[in-house]
Each structure stands twice: as structure tokens, then as C-alpha cells.
Amino acid sequence: AGLAACGAPRDSSSGTAGGASAGATGSAACDKASLRTVTAGTLTVATDKPVYEPWFSGDDPTNGKGFESAVAYAVAAKLGYDKAEVTWTRVPFDSVVTPGTKAFDLDFNEFSITDERKKAVDFSSGYYDVRQAVVTYQGSPIAGATSVAALASSRLGAQVGTTSLTAITDQVKPSSAPMVYNTNDLAVQALKNKQIDGLVVDLPTAFYVVSAQLDGGVIVGQLPAAGGTPEQFGAVLAKGSPLTACVSSAVDALRADGTLGRLETQWLAGQGAPELK
Amino acid sequence: MTAVPVPVDPEPLAPPVLAVEHLRKAYGDLVVLADVDLEVRRGECVVLIGASGSGKSTLLRCVDLLEQVDDGVVRLEGQDVTDPRVDADAVRARLGIVFQGYNLFPHLSVLDNLTLAPVRVHKVARDEARDRALEALDRVGLREKAGARPDDLSGGQQQRVAIARALVTDPVVLLLDEVTSALDPELVGEVLDLLRELQADGTTMLVNTHEMGFARQVADRVCFLGAGRILEQGPAAQVIDDPQEEPTRRFLARLHG
Amino acid sequence: MTAVPVPVDPEPLAPPVLAVEHLRKAYGDLVVLADVDLEVRRGECVVLIGASGSGKSTLLRCVDLLEQVDDGVVRLEGQDVTDPRVDADAVRARLGIVFQGYNLFPHLSVLDNLTLAPVRVHKVARDEARDRALEALDRVGLREKAGARPDDLSGGQQQRVAIARALVTDPVVLLLDEVTSALDPELVGEVLDLLRELQADGTTMLVNTHEMGFARQVADRVCFLGAGRILEQGPAAQVIDDPQEEPTRRFLARLHG
Amino acid sequence: MERERAAYRSARARRSLLASTGSTVVVLVVAAVLLVTSPGWPRVRDTWFSWDKAVESFPAVLDGLWLNIRLMVVCAVAIVVLGLTLAVLRTLRGAVFAPLRIFATVYVDLFRGLPLLLVLLLLGFGAPALDLTGLPTSVLFWGATSLVLSYSAYVAEVFRAGIETVHPSQRAAARALGLTYAQSLRFVVLPQAVRRVVPALMNDLVSLQKDSGLVSVLGITDAIRAAQISTAEDFNYTPYVVAGVVFVALTIPMARVADRVSRRRGQGPVGGHL
Amino acid sequence: MERERAAYRSARARRSLLASTGSTVVVLVVAAVLLVTSPGWPRVRDTWFSWDKAVESFPAVLDGLWLNIRLMVVCAVAIVVLGLTLAVLRTLRGAVFAPLRIFATVYVDLFRGLPLLLVLLLLGFGAPALDLTGLPTSVLFWGATSLVLSYSAYVAEVFRAGIETVHPSQRAAARALGLTYAQSLRFVVLPQAVRRVVPALMNDLVSLQKDSGLVSVLGITDAIRAAQISTAEDFNYTPYVVAGVVFVALTIPMARVADRVSRRRGQGPVGGHL
């Protein structure tokens, strides 16, 4: 819906492959000159403040370090913007998802794509397949759990507004209500204090938490993929944005040419974690 | 409906400055004033006597439009001031009242208590208001307390400040509620002098008191309030010393007994 | 240091119930009481007269330990109650005071004003306290206002409630500050009767008043307060009608003039 | 006579009533029309005032509200007791009580000045981290403690304002009857003081009701957090509005009760109608 | 005589002072010892009270505080004016003013009951989304508006409490002098009313100072948000403590000024020492 205005139906770009050079997307409407961005000639990319590892690095999206920062620059390049033509802006969550004029073209901030959310905002194609994982401390009641069912009697926590929380309520269905935190680091603090038994986060964050934030933290395992469609992170655009199709095709192209895979191995290390039954 | 005849009327043609006709005022079921008729002529000093709780203070408050009357009329210089179309503030500005409880403004100094109305209502220049206020304080012997707060004054001092506050705007009618209750004999004498002076200047007065001595000395006419009515009126010598009506006689019996 | 000799002493051997010695009290620079000496014997009614602002109320408040004295001693039944080691609350519970401004408790009904101290301080049963309170209200003619709030009473009614409140605990000494200021002659007579009754029951009283008539009728002894001292004292007939000292004479001049 | 005056007064009253009601209605209608004809209205309506979303999120919000209410009720009692104590300490006179006065002042300055969020984080995450045996680790316990610490400072100041409005002559009258300091506080000063500050106390109760939700930083779900969770599903903000409506619906009866408590019987002796 | 009494009194005062100061010190010392000897203390200290982190985060927090202060100052003026107006409307008597009274009551119930966060979100994100020309889109404007709407409801209730403590006989005395309703409010009722509720008003000012930070949901950085950002770098919570200290440091002078304003000159006529 609303994509017709862009004149670049989603399918038309999916076949495109090859180099990252400008104009290589093959669609005339998706070159820099014809893209109706917020500020002509530059691509304004938004994210929240602060932002966290491993998606960004050092709370600085402009350095190209961290997975989402790198993806953002790759997408920009696909659309024909060089690094200097990318402007970052920091926008709070609520301002991204409420209607109104937006001061950015697209936003990278680990937004999971769901059909409900699509009623409110536009999503690009997914740039990352998300798996939820359970983190705990050594010696916790769930440290040795091997199945989802083994988690049912534990006290789990997650960050508000994440699909991690949905995963707890929909998949684990624990007997005690999940604890919900403003940020992941508050949730980690609660885990350190043993106020919760486990913390559900996406897998890359889980590795980061275990390695950087917890002494003696362990990943219990990944939750099985929910339902048929895999959960994906996508860039958020304003509802009805003329750029959606072009960004999607750019993401698709990056996936097809292996760039996304490369960036994943570069920034999101250690993908292996046992799957919970 | 039975208007009490005014037995003594020294100057029958002078129109009353203040006329109260068939005034009625009740608090809930308690009818305080049932049917009060009262006239005060220009320059006259009328003293209201009556038992505690007979409604003397209530009558003064009704005259000053501080209570909404239930029925009847109050006329000031011929104008029906109880008419809701009348600007009550303008009426009150022409009257002066000293409350039984003084009601000084505790957040203002004595001087500011006295200059508030002249400056804000009568638009007198601040300096002139100050001079007049000090003059009024002189009259009640309290010039040196001009800067004090009411809370730091003795009872008699507070009462005198209240008198000065009522005087300072040259009211058409001065309403005085138990104006000497907290004053020693010396000051009672002085207030008496003050009232006589004011009378000489043509100030009309309606005074509540329970001190018959004071009433005798200041009153042109004494009215006895009882059962919500003016039961008897006439010169002090007559009402106080030779009351005609039974309730008045009973009321005053102790004084002579 | 110049103790004023007590000229009249009907019963020289009875120890004073209340003795004030060299009392001094100042507000900032204003020395209100410079050196007051005063004795009140059991069953005696001493009346304090003096100009407005002379410190009569201040003296009563000092005696009731409501003000901290600057120097001097107050003795109640021989005990130095100004000693900081003394339990002031127990002392106050033995005294009764009627304030010049009445100071009724506006949030309590008249009845509750009267039962508060008996129930809370003297640990009288609630029913008995209620009965006593109603009796006290009867004495001041206000039984029908037992359920009213102080704010809805007339000035005289408030004063009588204050008297009843001070009476109800049977105080050793009753301190009365301008106790008839808001009362009409009939009530003044009744209060006079009341005080005489109390006197007959042995209640000792220290009374401030500026009504010489009242002083004359109730006083066993009259003390004239001036310049922070008791300048003259003696029977009413002597002090009021034939003052020896110049200030007293000046103060009373108006009364006879 | 009086009938005529009454008729005039009520006619005037009716006129003013009509005029002011009329103008209010006109203003509201104009504002409403402006709102619904604005270009962005359909999207705003769907995002903020979607009936379906409201119905869907209502049970969760109500569930969260239950936490707010329980916390509010439990804490309110402790807050009033502690606040009253602090207020009394701050109003003690004399050099003897200087340390108590200073203690109360420092307490108020500190806990009123500190953001509640910091107190919550410090106690909710910091205290359990001490690993002290005997110290509770319950999040609810520490959340409630933080609310009590913070709000008692506010409530203490409200009570202090009330105590200081009672004229010293009232205290003198009470002491003169032989009542002790504590008794005169209890029976004379506080009854008058508290009634006078009821509207301001109600302020703090209403705030408390909402701020009790801040405990959600410790992981428990209150009404606002429930709304936030529901909003995250589809980026529809109606749940916040639902929470708002629920809070207001809770405030109104409290406010009416407070009004009744503080309303003076009659209007005092003089000039009640002025 | 008096010297002896004074000596006794001051000896007693000194004793109590020593006792209470002593016990306070003992309690504090015991608490401190318990704290620093607890097994988790080193970790807690590093997480919450790290000097290096404090120094590092201080400039950012101070920068954020500047926003709080500006918002507080600008809004406080509007809040006092609006709050006073609402309070006066609510205390109008007579049937004639019923619509105004009802308006003020509804306003207070509504904006006091609504969570500030909801008002902020609705106005900050909802109003600009209407795409109405003429309507400002500045986030700061809408943030300030929300604060004013919400806080004026609270402040109105505080003023109302103050107005109602002034005895009706004061108003009667003012009207008797010929002052109009407005003049008696202005010169007699409000000066007494405001002074009496200064401590409660100060409450709202202190809250405002902190709540002004809630505008950070609209994307501006206040002191608390600055602390949060700084915390995210290394999961050290010291910046929150820094923000707390800064807020308290701001509160204390305000509180002392308020104390001075509200202190009655002297203690009234009777029994000031009781």
C-alpha cells in the first residue's frame, strides 16, 4: 500500500545483484537524484540515544562500527550516498513510531518487523534474522535447562518494547509474570542481584551481555523460532514513505550479494548457542 | 408591619440618612432579626442596646451589606441599597464599620491597615493617605504603634486601630460594634470625645454597646433590640432610666438593682 | 526591690495562693512588666486595672506560664512555678484562664470545647465531663448552644463559652482577662453572681477589667498596674474612689470628671 | 419586595450562566471542529483514540493499575505517618530540639530534592547488591520504601504549612487548659491544620498514585508500563490514553471526598457570601 | 535568680543536644559501617559512587540540568499565574459563577489526574501530527505547555487550600472598607493565603524542576537523560547519583528562601514559645 507512488514495486529490485556502486540498483527511481529525502542530497538516518553494543559502538553511529551502523552505511551506499552524505540524527522511540512529520529518512534501532506494527510505520526488508536467547548466571536455577518447558517456573526479565518480551509471554509462558525493564542494562543489573533468574534478549545482545556485562554469565540457549516466519529486524520509515521500496531493494541487494552475511560475522560474533527444545 | 413610632424626633423634616424598614434576617431556622425598623438622621448618634445574641451585630452587618437580608429595605441617603442592582462596593465605601472582633489585617502593619482603603478605594495619593492615617492614629493615641503588626498589640490597642481604620475614610455613617469593650476608662473617655468631635463634624453614627454609661453619654437616641424588633426607643434618659416596655425593664433591672 | 506594701490584709496569716515577685517581662526593647509584686490569698478576688497596653494581659499570661518571664518568680500555693524544673503542664492544669480574645477552638463544638480538658487532662469519664460541661453552660445561660460552633456565636456568647471552659475544671486560681467586655448589663450581673458563687466556693480569682463598676462590685482588692509596676493597691473603695498616687488619679480622672 | 429581588437575582444568575455556558460550548465546539478537520486527524485518531485497541489493552492496563492502587494504599499510610512526624519535628521550638529540627530539615531537603527515579534505582538495585543477609531483596519492598522516603518529604512540607497556619493563640489556649505539647497538637492544632491542607494533600496522593508506577523501573508492571507494552506491539498509543482515563477516573472520586472533608460547615460568622 | 534558671535551661538544652546529636551520629556511623563491611559493598561502590565516573559525567549532567532550569523558570511563571486564576475561580461563590467553578474543577481533576507522560506524548507527538498550520511544532514548546497544564492543576489546589484558610471575617473586613472582590483578594486574602502555603508551593517547584526532565521523552536531553546516556557507556550508575546531588544542591537554596518568606515575623501575640 502506498508504494505505487514510489513507482518502484518491491519485486522489481529483488533480482538486482552486484556491486555497491551508485545507480547499480537498476531502478531509475532509486537513484540519489530522484529520492525525495528529508534533506535533498543527503540521507538522514536516525537512531536512539544511547545505543548499545554490538549494534553500534561507543554510542557513536557515525563511526561505521557496530552491525547496524555498518548496515546503514551499506544501504546508503547502495542508494548512491557516500559516507559524507549520510547524516545521523538521534530520535527517541516514541517519536519514531507516532504519526507526524519525521526529521529522518530511515531509522535503525533493532526494530522487529510485525504485521501489527506495519499498520503504524513502514519497514524495509529485514536485514537481520533474530533469534531470542536466554541469559543467566552460573549456578542459577535455570543454568542447566535444555528445554523451554524447564523455564516455565522461573522468573524471567526483558526490556520493554522488545519482541523478547513477547517471546516470554507467548513461548515460555512462565508461571510468574515477566519483569519488564526500561533498558537491557537495568535488566542485567537485576540479574546480577539475582532478582530475576534469566534475561531474554536477542542472540547478539546475549553474547555481548555474557562477555561484557556479567561475570560468570551463561547463555542457556536460543528459543525456537516462533511460528512460520522468522523474526527480522528492519529499518523503520515513516508510514507511506516514498523511500520504503528503494530501501527495501537496497537491503535485498545487500543480502543477495553477501554483504549482510559478511557484516554479521564481522560484528555479531559467536552465533552458536544450543537450541532449547 | 407594626412600625414602632419614633417618640422623639428633634428635627422632624431632616430626611433620615439611614433607614431600615421591615428588616428580616435568619440563620437557618434561627430568626435573628424579625422585623426591624430604624431611622438614623444626619448627625445623629443612635445607640443600639439589647441582650447578648439579640442581633445587634447582625443588624450592623446587614446595614453594611455584609449579610444578604431575607426581607426588608435598607436606605442610605434615600437610596435602597439592598436592591441587587446597586453597586454594593460603592455603598460600603461610604460606610465605616468597627467590628466586634476588630478584624484587623494581620499581614499588614497598623499604618498599612489604615491606608489600604484610602489608597485603593478612594484613590487618595499615598503620601496624603499616610498623613491622614497618622493623624487618625494620633486621635486614638497610637501613633507610635504605626509600624507594629496587629498581633503584637494589646486588646485595647487593636480596638483603637480598628476605630482609626473606620474613621480615616470619612464615612457618611459610622457603624460601631461594641466600640469600647476593650478600652480602659481613660480611653473610653477619649473615644467619647472622639465621637463627640465626629458628631460635631456631622458624622452620623449607629453604635452597639452594652455599657449603659457610655450609651447615656453618647446617644442622641437609644434603641432597645429584643425578639428581633426595636422594642423601645427614645432619649437615653428615658429608655435606660425609665423604660416603658417590660422586656427593656427586665434587661436593665440588674443595672439599677 | 521596692516591694509595695499591701495596705489591707484581712487575714494576714493565710499564705498567698498566688504570689508574683519582682516579675519582669519585655518584648524586645519594650519592657512591659518591669518589677511586679502581687499576692493573691485563698478565696480572694483581686482586680487588676490599668491603661490599655499597660501589661495586664501579659501579667496573666506570665502567671499561667504562657510566656517565659525574664526575671522574677511566680509562686502557686508556695511552689515556684517559674522554675524550669517544674512540670508547667501540671501547673496550667490547676489554673483556669479566660483570654481577652476568648481563643475558643473553632473546629470543636461548644460542648467539645468544654470537655476537652476534663477528658484529656483530668481524666474525667466522658459522660461525667459532658454533664459537668452542660452544667457550666447552664450557669452562663448557653445550654441550647452546646452543639453550635464558636464561629456561629455572637461576641457575648463566645465570651460566656470561654468562661464556662475555664470553670469546668475547678481551677485553684481563675484568671479572667476582660471577662465582661462583650456582655450586656444583664449578663454582667449574671457573671457577677457567678463569680460571687465561685468565691463562696473558695475559688481564688485574678481579674483584669477596665469597667470600674464591675471592679467595685467584685473586687476584694484592686491593684493598679502602671509603668510596669503595681503602683497602688487596696480595697476598691479606696483605689477607685480615692486614689493616693498621681498616675492612678490621672487614669481614673475621666471616670469621675 | 424580597420576591422581586430574588427574581432579579435569579434572572441575572440565569443570564450569566447562559452566557458562560454558551461561550464554553462554543469554544469547545470550535476546537473540536478544528481538530477533526485537520489534515492529520485521521492518523492521529487511529494512533491515539482507536476503540479496538482501547478494548484490547484495557484488561492489561487495569491489571497494572491494581499494582498502582495497592502500592498507593500501602504507602499512603506510611507516608502520612512519617510526613506528620517530620512536620511536627520541624515545627518544634527551642534550642533543645535543634538536632531534631535539623534532622527533619535535612531529610526533607534530601528526599524532596532527589529524583524518585534515583532513589528507586539506588534502593531497588543498589541495596540488594550489598548481599547483606537480613536485608529484603523484594523489588516491591524497595519500591515501596523509595516511595515512602520521597513522598514523606513532600507530605511533611504540606503538613508543616498547615500547622503554621494555626494561630499561636490556639496553641496557647490548649496549653492553658493543661494539655501537653503532644495533646495540643493532637486535639487542637492538627485537626485544624490537616483540614486546611486537604487539597494540597490530595495533590500528593494523586501524584503518588501515578508515581507509584515508577516502581516499574524495577521490573514490575504498572498501568503505564502495561500501556507501554501494549503500545510496543503495534505502535498504537491508545493504551496510554486508556491508562490516562483510568487514572482520572480514580482521581475524581478521591477529589470529591477530599472536597467534602475540607468543606467548612457553613461559612463562618461574617460575610460568607462575599 | 534568672541567671540560675537560664543556666539550668541551657544546661538541659546542652544535655539534650548532646544526647540527640550523639545518638544521631551513632546511628549514622553504625549504618555506614554496616554498609562498607557488607560483602557487596565494593561492587556497589564502584557501580554507584565512582569518583572518576562522577567527574567524567559531570559536565554532561550539568549541561542537561541547564534544560531543567530553563524549563522550570519559564514554566513556573505561567504555572503560578494559571494556578492562581484557577484557584480563584474555584473559590468563587454563588450560582452565577457555577460554570466557572465547574470549569476550574474539571480542569484540575483532568490535568492533575492525567499522567504527565501522557500529556507530553499527546501534545508533543499528537499535536504536531495534526499538520495544522499555525500550530507550533517545536518540541520544547509542547513540552513546556504540557508542564504548565499539568502543574497548574496542582498549584491551583495549593493556592485554593491557602485561600480557604483565610477566615471569612478578613474578607468581610476588606469588603466593608469598600474594596471590590478582586481588590480584597489581591490585598487581603492572597497575601495571607500565599504566605501560608509557601512550603507546599515549594514542593511543586521542586517537583517541577525534576519533572521538567520528562520532556526528554520528546528527544531533548535533560540532566537525568544525560545521566542515563553516560551510564549506558559502561553500565556505571554514578551519573544518576551525580544528577541527584545536583538536584539536591539546587533544591536547598530554594527551600531556604521559601523558609525565609514564610517565616512569620515574630510568633504572634500569645504563647510563641509553647
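Per-chain residue numbering starts at 1, and chain names A, B, C, D and E are given in the order in which the chains are listed.
Operating definition for what follows: contacts are C-beta pairs under 8 Å (C-beta built on N, C-alpha and C of every residue); 3 or more make two chains touch, one makes a residue touch a chain.
Because the structure is predicted, anything quoted here is derived from the model rather than measured.
Number of steps on the shortest path from chain A to chain B, with steps defined by chain touch: 2. The set of chains in contact with chain B as well as chain D comprises C, E. Each chain's centre was taken as the mean of its CA atoms, and the one lying most distant from chain B is A. The angle needed to superpose chain D on chain E by their Cα atoms is 180 degrees, rounded to the nearest 5.
One inter-chain figure worth recording: chain B and chain E are separated by 47 Å, centre to centre, where each centre is the mean of the chain's CA atoms.
A separation of 86 Å divides the Cα centre of chain A from that of chain C.
Here the spacing of chain A and chain E, counted between their Cα centres, is 41 Å.
Distance between chain centres (mean CA atoms), chain B to chain C: 30 Å. Residues of chain E found to touch two or more other chains are 12, 121, 125-126, 129, 131, 169, 172, 175-176, 268-271, 273-274. Contact with two or more other chains is made by residues 61, 66, 99, 101, 103, 152-153 of chain C. Shared interface positions of chain A, defined as residues touching 2 or more other chains, are 98-100, 189. Of all possible chain pairings, those that touch are A-D, A-E, B-C, B-D, B-E, C-D, C-E, D-E.
Contact residues on chain C toward chain B in their complex (touch as defined above): 27, 49-53, 57, 100-101, 152-157, 160, 177-178, 181-190, 210-213, 250-255, 257. Those residues of chain D that touch chain C in the complex are listed here as 169-170, 172-180, 183, 187-188, 191-192, 195, 265-266, 268-269.
Within the complex, the chain C residues that touch chain D are 61, 64, 66, 89-90, 92-95, 97, 99, 101, 103-107, 116-117, 120-122, 149, 151-153, 165, 169. Residues of chain E that touch chain A in their complex: 121, 125-126, 128-129, 131, 137, 216-219, 221, 228-229, 231-233, 235.
By the touch criterion given at the top, residues 97-100, 114, 116-117, 119-121, 157, 160-162, 165-166, 177, 179-182, 186-187, 189-190, 192-196, 239 of chain A touch chain D in their complex.
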